[in-house]
Structure formats: structure tokens, C-alpha cells
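Can you keep this structure in mind? I'll have questions shortly.
Chain IDs A, B, C, D, E and F follow the sequence of writing; residue 1 opens each chain.
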Amino acid sequence: MTGGAKPRSKAARGRGKGDQAIMALDLPMAALSPTMEAYFSKCREKIGFIPNVLLAYAHNSAKLEAFVGFYNELMLGPSGLSKLEREMIAVVVSAENRCFYCLTAHGAAVRALSGDPQLGEMLAMNYRVATLSPRWRSMLDFAAQLTREAYVGEAERDALRRAGFSEADIWDIAAVAAFFNQSNRMAAAVDMRPNDAYHTQAR
Amino acid sequence: MTGGAKPRSKAARGRGKGDQAIMALDLPMAALSPTMEAYFSKCREKIGFIPNVLLAYAHNSAKLEAFVGFYNELMLGPSGLSKLEREMIAVVVSAENRCFYCLTAHGAAVRALSGDPQLGEMLAMNYRVATLSPRWRSMLDFAAQLTREAYVGEAERDALRRAGFSEADIWDIAAVAAFFNQSNRMAAAVDMRPNDAYHTQAR
Amino acid sequence: MTGGAKPRSKAARGRGKGDQAIMALDLPMAALSPTMEAYFSKCREKIGFIPNVLLAYAHNSAKLEAFVGFYNELMLGPSGLSKLEREMIAVVVSAENRCFYCLTAHGAAVRALSGDPQLGEMLAMNYRVATLSPRWRSMLDFAAQLTREAYVGEAERDALRRAGFSEADIWDIAAVAAFFNQSNRMAAAVDMRPNDAYHTQAR
Amino acid sequence: MTGGAKPRSKAARGRGKGDQAIMALDLPMAALSPTMEAYFSKCREKIGFIPNVLLAYAHNSAKLEAFVGFYNELMLGPSGLSKLEREMIAVVVSAENRCFYCLTAHGAAVRALSGDPQLGEMLAMNYRVATLSPRWRSMLDFAAQLTREAYVGEAERDALRRAGFSEADIWDIAAVAAFFNQSNRMAAAVDMRPNDAYHTQAR
Amino acid sequence: MTGGAKPRSKAARGRGKGDQAIMALDLPMAALSPTMEAYFSKCREKIGFIPNVLLAYAHNSAKLEAFVGFYNELMLGPSGLSKLEREMIAVVVSAENRCFYCLTAHGAAVRALSGDPQLGEMLAMNYRVATLSPRWRSMLDFAAQLTREAYVGEAERDALRRAGFSEADIWDIAAVAAFFNQSNRMAAAVDMRPNDAYHTQAR
Amino acid sequence: MTGGAKPRSKAARGRGKGDQAIMALDLPMAALSPTMEAYFSKCREKIGFIPNVLLAYAHNSAKLEAFVGFYNELMLGPSGLSKLEREMIAVVVSAENRCFYCLTAHGAAVRALSGDPQLGEMLAMNYRVATLSPRWRSMLDFAAQLTREAYVGEAERDALRRAGFSEADIWDIAAVAAFFNQSNRMAAAVDMRPNDAYHTQAR
């Protein structure tokens, strides 16, 4: 054997079985507010584990709560975009930014919600190879350009309108794409690690 | 006169005196929750106007509240970074992304908080021309690289540690830089316009 | 349901069960030389299917034979690099170029040869997040830079020498990285589709 | 206080009150030709100071004189472009190149000549957010592309013709845009510092 | 004299008169197969020298033979593209990648086959300045985009079809462009040096 | 024959034998000042032709004279840089910008002044393949970075100082590199064509 794994930074925090590091910063978990304790319990019940992004934010209960509030409104709140569509945008943005954490976690979500594992793979690798409806293609083109150039103009907004999106839908497409430009950078900056469970979900 | 202004999209929403458009999406202002009504009143009292970013989010009271919660925790909550330092990161990220709204609003904040208008100008134009302490230079280099490449590694985290930043400080530098990668894209996507007041503040 | 699949170009050639298109060019399969007929039989026996890249080249038996000769010498011939290492380079180059075909086929190979599915995922998404031995890190850095910049200098060759690679090993690292810059572009240019089997292999 | 200013290179030359450095090269001011002496006197009379770019060139009277001759013909000589239009091109090119000196000096000129301080800010931050006449938009698009790609073709020249520009106007747009690609790099290469006066002009 | 040449790496292999290095790797020439011996003799007879790319591959007879087989089928085999057209693609790809070896060797081929030395120069410097037939322009645009972006879509394939290229022609354009993305990187990775003869050919 | 030349824009101005176009703008030659008439005569005597860049500027005698004054001071005036060194910078900058006119004219100058035609070719294709003295390498690295990024810092200036360049030399390196960033864009913007004579000079 010629290669092999190098141990990660000693500073990295381990949690849960196997004491696996979840990020490169050495920040102990804080005492959580009752609301957040309850939320963590709900995670364990519903999906069987606490997503590592939440454990990473949990070094500060106030930051965790603000993040959870913002995230859940965006990805699970009422919207003209389906949950699958929001996850598709998340994956395409994360592919542009090559974010290991988000591609793993949200790639699993696209595979699960779409029932089409290859769609998840295509969006994570290069969404332009997928044969998509005009609605989906314009939505993902907008998200990808906004990610790459940090700029879109009236022509790009009009392309979404022509594809049938409402003004509120355009806000939501922008908001999801913008949010993952934040999350991708947060994950990279602290070297966040996805839970193992995602890798085999919905293959 | 050979040039001149073209009227903006009819869809754009106007609010306040002069019915000036605040963004390119035609989204009527929603009924706000009492908490948000109170927050808007406090803005008018304290700074004399409501920042247009809040008016833009106000098409949906729940989204507005989630945004305000996340933003205030990040920029005004307890942190090893001073408020000026957080604003400096905001400006440098917004300069990388060429965001008119954020450069205008947060450039004014840097001028005001630092008492050094030229520092604000330098960060908005090209932070590398400013003569900065190693602490500030490493903080802004990290933010700029994270913005451009959406990636940093252990070497970049170690540079912050050597400059004296704690693990929690590194989280906060990352969090502010990541957040403005979101805000810059949100502002671009809906063509958000800064309040006129910012332009002349603290010159 | 708001989205959905659009049928691919009528010109695309279908082969095998379900008449699935393997590329966007409409090129009928040629009569193959006896050597290539035998090679196709061996593929069916050994791995249960004929990789679509070979079916794509099979519109011209001479081109197919030249490709197979070049490919097999490079990826399966004697070398100081293990087969896994050659597949790792293939995946990292294909990730830089965002090649759906090669990431799918060679990502499966890395998962299978390494027995470490997450290694395959990391290389396909962003190899810099993987904790690697100096040998592997230098090998993949060299391949990634050669891909992105189409240039490396003596400093980059010396980094490989310091990591223990021989002159012949350096040739082979370069040759595999260069080859996949060809294959990625060939796959993109004709919109080559990977066989379904790869997606679920070695998860 | 956590940050603070670092003194600039000892080599940097100071001139005028406060002995403030005007660039990073240590080049003493030369004896000027009578023409240049007269020109400097005229500057002091008319605008109250000598622009630092001229003081920087003044280490060599012949170079200074050639520069002044070329600059004044270009920016002040007869042209189908107004002086404001030439300054607008200067600012947009300098924004692409993130040139602190030129954005400061020529941003002030756009604010003053246009009587529209926000126009100056928009061009310095991201000209694409400004609502402009087709004439101005095409002029600035041409300048920005020429800056970024160092290439334009007949399609780009034809866009200027359709916007009403003559062949001589196209030459002048190109000449101003090309010139500031020179000036921006000269300012960066020697770390030229704008006179303080510009920062507060025409706000 | 202020500058001057620095001797190249001692490791570099010399061959032929003057013992000039042909690449930066120190790999002794292998015993060649009879087929390759015969091929080298034919080179010496027909063009008076052995191209250095072949001498570089000659450290391994099997690799050399696989390369020669692949190359000759591609560049000299039957095709709807003329030999000049294949060489034009080689030069344009090599210009995008700034490959000294391939620009020198294939630039000479374009000058010789076209009888138009300036065409060779233009393609080596910036093919967009050449006034070309729609057939040639679309062929070179496709090759340049495939090189730069490692991606083309159905729109780009359709542009070739409209210019009169058959499905097999499109394969061949893609194959030549893809191949030189390999060769350029191979040449850069080992610092391959072109034979002196090319520089003065067909000027 | 499958390809062929397309006639250039009718607007293009022709001059001299064969009525060959020298640029894409239709600007008639102006009456020249006596100084410029004399300068053109000197060109014809000394080098046998008038460089097309001068004929292009000659649509306006004042612009021509300002350009000639600036150019001759820079490239032929007193300097710590030899004329060859200034031409080498011109070629490396023009290669970064892929400027056909300047690569042709100044490539010929490097071949002639150095007596080393291959040096001219290497600088025009990729200067990093040339084996250069530390003085030349640092000079060209500075020029190339200034061209690509429009930014250099104190570290880059110090690299020149360590290579033995004086403060005045650094100014001159910057000035030549900056100037060709102007000239390259001027040539591209008006599609300037080099005189045929350059192509065969000093091969």
C-alpha cells in the first residue's frame, strides 16, 4: 500500500460514536436552550441522527437557534418552490462551489425526494448534462450564474418570469441560491464533515 | 447632453417619499408581526429610516423576522470581533463581489465606526492598498479568499491562529464573510437599492 | 409536479435494452475487427456490459482499436503507480473538468479498488477535503494544477520527486492526468452517457 | 484597540505638508523643464494642488512631459465624447482593475462633472446597476469587455455604431479605456496614493 | 549584457547532435520494438529527423507504440477533415493552452500545408483575428470552447451541423481538440522541447 | 478546398500597395504636422516602411504626435533597461493579452535585438519555458502578473530589488508593461494589422 490517511488536526472536535471529528475548529459544545434541546431530540427521532452542521453551530446556542430559524423558514417554509426544487438549487450551488458537506447532505435529499438517484448525481457533477424541463433549467441556470458571478440582471429575472415563476418564486430561488453560497463557505471555512449516513441514502 | 437615465422596470416597488423603487421585484409589503412593527419603529427612531434590505424582506413577515434574527446575532451579538471588524469583513467581501447595496451601506458603517473615511474607501476599492496590522490583514485575506475560491484550508486557519484569533473568532470571521456572500447575491438577484442616506454618511 | 425530463436529441443513438442513447451524435455502429469483437466479448464476460465509451468509439473500428490500445497500456499496463492511484488521478482530473461520464465510471472504480466509498466521493467532489498521505496529496495536486493551468514547472516536478516518485512515475502521473483531459472533453463534446451499472457499484 | 496602521516602506517618498508618501518607490524629484514648472504652477492655481500622479512622474522631467502631453490630448482634447463620458470610462475601467488611485481621482471627477454623486458611486462599484441610456451602456460595456478580455470584435464595434457613435468616437472610447488599463497598472506597480482632496469632492 | 541563459536541469536527457535536452525527466531511451525501429527510420528518411515527442515516449517502447498508433489514426487516418484542418485545430488548442512544443511543431505544419505563413501565425497568437470561412470559424470556435471550458452543449454541436459538418466530422473535430488537450499537458508536464527544425520551416 | 478567407469589413481603410486594410475603423488619414511628416519620412528611410500603428493614429495629427512622443521616450529614451529588455517585456505582456499586432511587431524586435530567434518564439508563446537569468525571470514575472491581475504589492517590488533593479528600473519595467496593456487593447479595439515585413524578420 503506497498511500493512506493522515490524522486530522488535533484541535478537531469529536462527538458521538467513534469520536469522529465534525469540524477543524476546537469549540466545545455549549449548553443548549430548551428549544434547541427539543429540536435535537426531534432530529434523533425523525432522521436518527443530528446533522453535523447543527452540532458545529452548537458551540453557541444563540447562533444555533438563529441558524435553525433562518434555515427552516427557507427550506421548509411555505413557497411556490417544492422542497425538491429547493434541494436541487442547493446541490447545483454546492457543485459550483465544490462543497463536500453540502453536496453529500443535499445530494442525498435530491435522490430521496426525486426518487431518481441519477438526477442527484448529475446535479452534483454537472447539472448541464441533465435533460430538464424549461422551468428547472432556467431555475438552475439562474442559481449557477448568481453563484459564479455574484450578479444577475433584468434579463435573467425575465427568463425566470417567462418560465412561469412568480415574483415571490424569484425571491425564493434567489434566497436558496444565496443561502448555499453562505453555507458552502461556512462548511469550507471550518472543514465541516457530513454524517456518514448521507453517503448511502437513496442510492 | 448625450446620455441620461432610463426608467427602471415598471414592476419595481416604490416606498416612502418620492416613491423610489427599492428592488426589481414587484412584491407588495405584507402585514408585519408586532415584533417586526416594533423593530421598524426602533429603526426610524434610532437611525431615521428603515434600511431598504428590511423593506425588501418585508414582503413576507416570517422571512423578515428570520433574517433580522440571524443578522442581529451575527453583526451585533457578543463576539471576539469588534463591530468595526465585522463591518470591515462585510465591505471586503462585498468589494470582491462588487455589490452596490452592501458597499454603500456597510462602507458608511466602516467610515462611521472607524472615524477614518479613507479606510472605508480603501476597503471598498481594494483592501490590499491599505496599510493594516497583521491582525486585520490576515482577517481580510481569509475573508477575501473564502469569497473568491469558496475554499480555505488548514494553512489559512493557522494564519488566523498565528495572528492571535481564537477558535471562536475564526468561526465568527468565517460566519460574517459567508453571510455577505449570501447578502451580496440576494441584493444582486433582486437589484436592491441602498437608502440615499448612506452615500453622505461620515465622509 | 412542476418539472420533468425533456427527451434528448432525436439524433442520439440507442443501443442495448431500452434503446437508451449513449451519445448525442447519430453514428451507427461499424462492423468491428475480430480483435475488437473478441474484446467486446471479454468485456461482457468480465464486467457484464460494454462501457459506453467503447460503444461510442465503435462507429469506427480503427479508432476504437487505437483508443483501446492507448487506454489499456496507460491504465492497466506496468507502472510504478497502482491501479487505484491511476483511477484516483482520473477522478480528480474529471472533477476539475466536471465530466459526468468519467466521474461516474472512474468514481465507481475508486470506490471498488480502495474499498473506501467515501474516498471516491471526496475525490469526485473536492479532493482537498480528503486527509491524504504526502504521496497522494502531491500526486493529486500535480494532476489538478496540470488540468487547470495546462502548465507545471520544475518546482512541481520536484515536489513529486521529494514525495518519492521516480522519473518514470512522474511520466505516468502526467500521462494519466493528460489523458483524462482528453477523455473529459471527448465525453462532453458528444454528450456521452455512463452505463447505469456504475451508479450503484461499491457504495 | 485590536488593529491599526503599519508604517509604509521607508523607501517611500514624501512631499508637501505632512511629508506624506505618494508612492512606494524612492525616487527623488528631478529638476523640471520650464514647461513643466509652468504646468505645475497652473495646477496649483486652478485646482489648489498637484495631482500625485504628476508628482510621481516628476522624478524624470522628460517622462513627465510625455505623459502630460499624451494625457491632456486624450482627456481634454477635442472629441465626440464629452469630458464626463471620458471620465465615466476611466472609472469603469478602474473599477474592473480595482485601482484605488484612479477610482478616487476620477470618481471625484464623475461626481463633479455629472452633478450626480450616486452615479459616481455606482460606476466605481458596479456600473451594471446604473440605469443608463443605450449610448452610455454600450460605451461602458465596450470599455469593460476590452479591459477584462483585452479583446473585442466587429460585433462589439457594431454595437457602438448602432448606439450612434462615429468611427472617430469608437477610436476615442477605445483610447480612453486602453489608457486607463495603463494608468491603473502604473498606479498599482508603484502603489500611488491619491491626494486627500479627492475623497470629499462633490459628495 | 544583463541577462543570459541558465543551464537546464542536470537530469534532462540529451540526444542527437549537441546533446540537447529534449525533456526535463531523466529517462533513458529503451530498446525499441522492430516496428518502432522501422518507424524511426522512416521518420529520418522522410522528414530528416525524429520529432522529439517520439524520442520522449521512447523511454518505453510499448507506450511509444500505443501513442504512435493513436496519433497516426487521428491526424493522418481517413476523415472528412483535411490534414490542414486537423493541424489548424491542433494549433488553436495549443494556443489556448500556451504550449510551446505543440505551437512550434504544429504551427510549422499549418504554415506548410496552407502555404500561408501568416495564417499559421494568427492561429498561434489569436485565431479570432483571422478572417475565416464560416466552416473554419465554427470549427475553431468549437475547439477553443471545448479547450477552455471542457464543456460544449447541443447548441455548439448544432452550430457545426449548420456549417455543414457531418456527425462523423463533429466526432473528428472533438477528437483532435481533445487529443491536443492531452498532448499540451504532456509536453508541459515534462517540459518537452521542439526540434530546432520547426522554427524556420515554411516561413 | 473546404475553407477560405472572408473579405474584411468594407469600412476598413486601405493604404499603400495592394490597398490592404490596416484597421477596422474607417478613418481617413489627416493632414500631418511638419514634425510628423518628417517622422514618417525618417521611418521610410530607416526601416523601409511606416509601422501600421502610426498609420492608424494618423487619422489625427495631434493624437499621432502625442503617441509618438510618449512611445519614443518609453522605448528608446535613456533607461537602466536595455532596448532588448524593453522589447522582451512588450512581448510577454502581449502574449498574456494574445495581441496579434504587438506579438508580430515586437516579436520581430526581440528576434533581431537578441540574435536568438527561439527566444522571441518562446516569449511570444509562453515565457515560462525559457531558461532565463534571475534578472530576466523576475522582470518578466513582474510584467506578467501586473498584466493578468492589474496588481502587484511590495513583495513583487522587493523581488525586483533583490534581482538588482534600481528604483528607476522598477518604474521603467512597470511603465513598459503598463504601456503594452494599453497598446494591446488599442490594437484589439480597432483590429490593427501588422505590416507584412515583420513576419519574416530575423527568423
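Here, a residue touches a chain if its C-beta (ideal position, glycine included) is under 8 Å from a C-beta of that chain, and two chains touch if they have at least 3 such contacts.
The structure presented is a predicted model; accordingly, all values stated were derived computationally and were not measured.
Shared contact partners of subunit D and subunit E comprise A, F.
Comparing the CA-atom centres of all chains against that of subunit E, the greatest distance is found for B. Shared residue numbers account for over half of those found at the interface formed by subunit B and subunit D, and the copies are therefore classed as meeting with the same residues.
When the contact pairs of A-C are set against those of D-E, A-E or B-D, over half line up by residue number only for B-D.
Of all chains, A has its CA centroid at the greatest distance from the CA centroid of subunit F. If you average the Cα atoms of subunit A and of subunit B, the two centres end up 23 Å apart. Per-chain CA centroids place subunit A at a distance of 44 Å from subunit D.
Averaged C-alpha coordinates give centres for subunit E and subunit F that are 28 Å from one another. With touch defined as above, residues shared between interfaces to two or more other chains in subunit A number as follows: 98-99, 126, 151, 153, 191. If you draw each protein chain as a dot and join the dots that touch, the picture is not a line, a loop, a star, or fully joined; it has some other shape. Pairs of chains that satisfy the touch definition comprise A-B, A-C, A-D, A-E, B-C, B-D, B-F, C-E, C-F, D-E, D-F, E-F. Subunit F makes touch with subunit B in their complex at residues 151, 153. Residues 9, 11, 24-27, 59-60, 62-63, 66-67, 69-70, 73-74, 77, 96-99, 142, 146-147, 150-154, 157, 167-168, 170-171, 173-175, 177-179, 181-186, 188-191 of subunit D touch subunit F in their complex.
On the subunit A side of its complex with subunit C, the touching residues are 2-8, 82, 85, 95, 98-100, 103-104, 117-118, 121-122, 124-126, 129, 131-136, 191, 196, 199-200, 203. The touching residues of subunit C, when paired with subunit B in their complex, are 126, 128.
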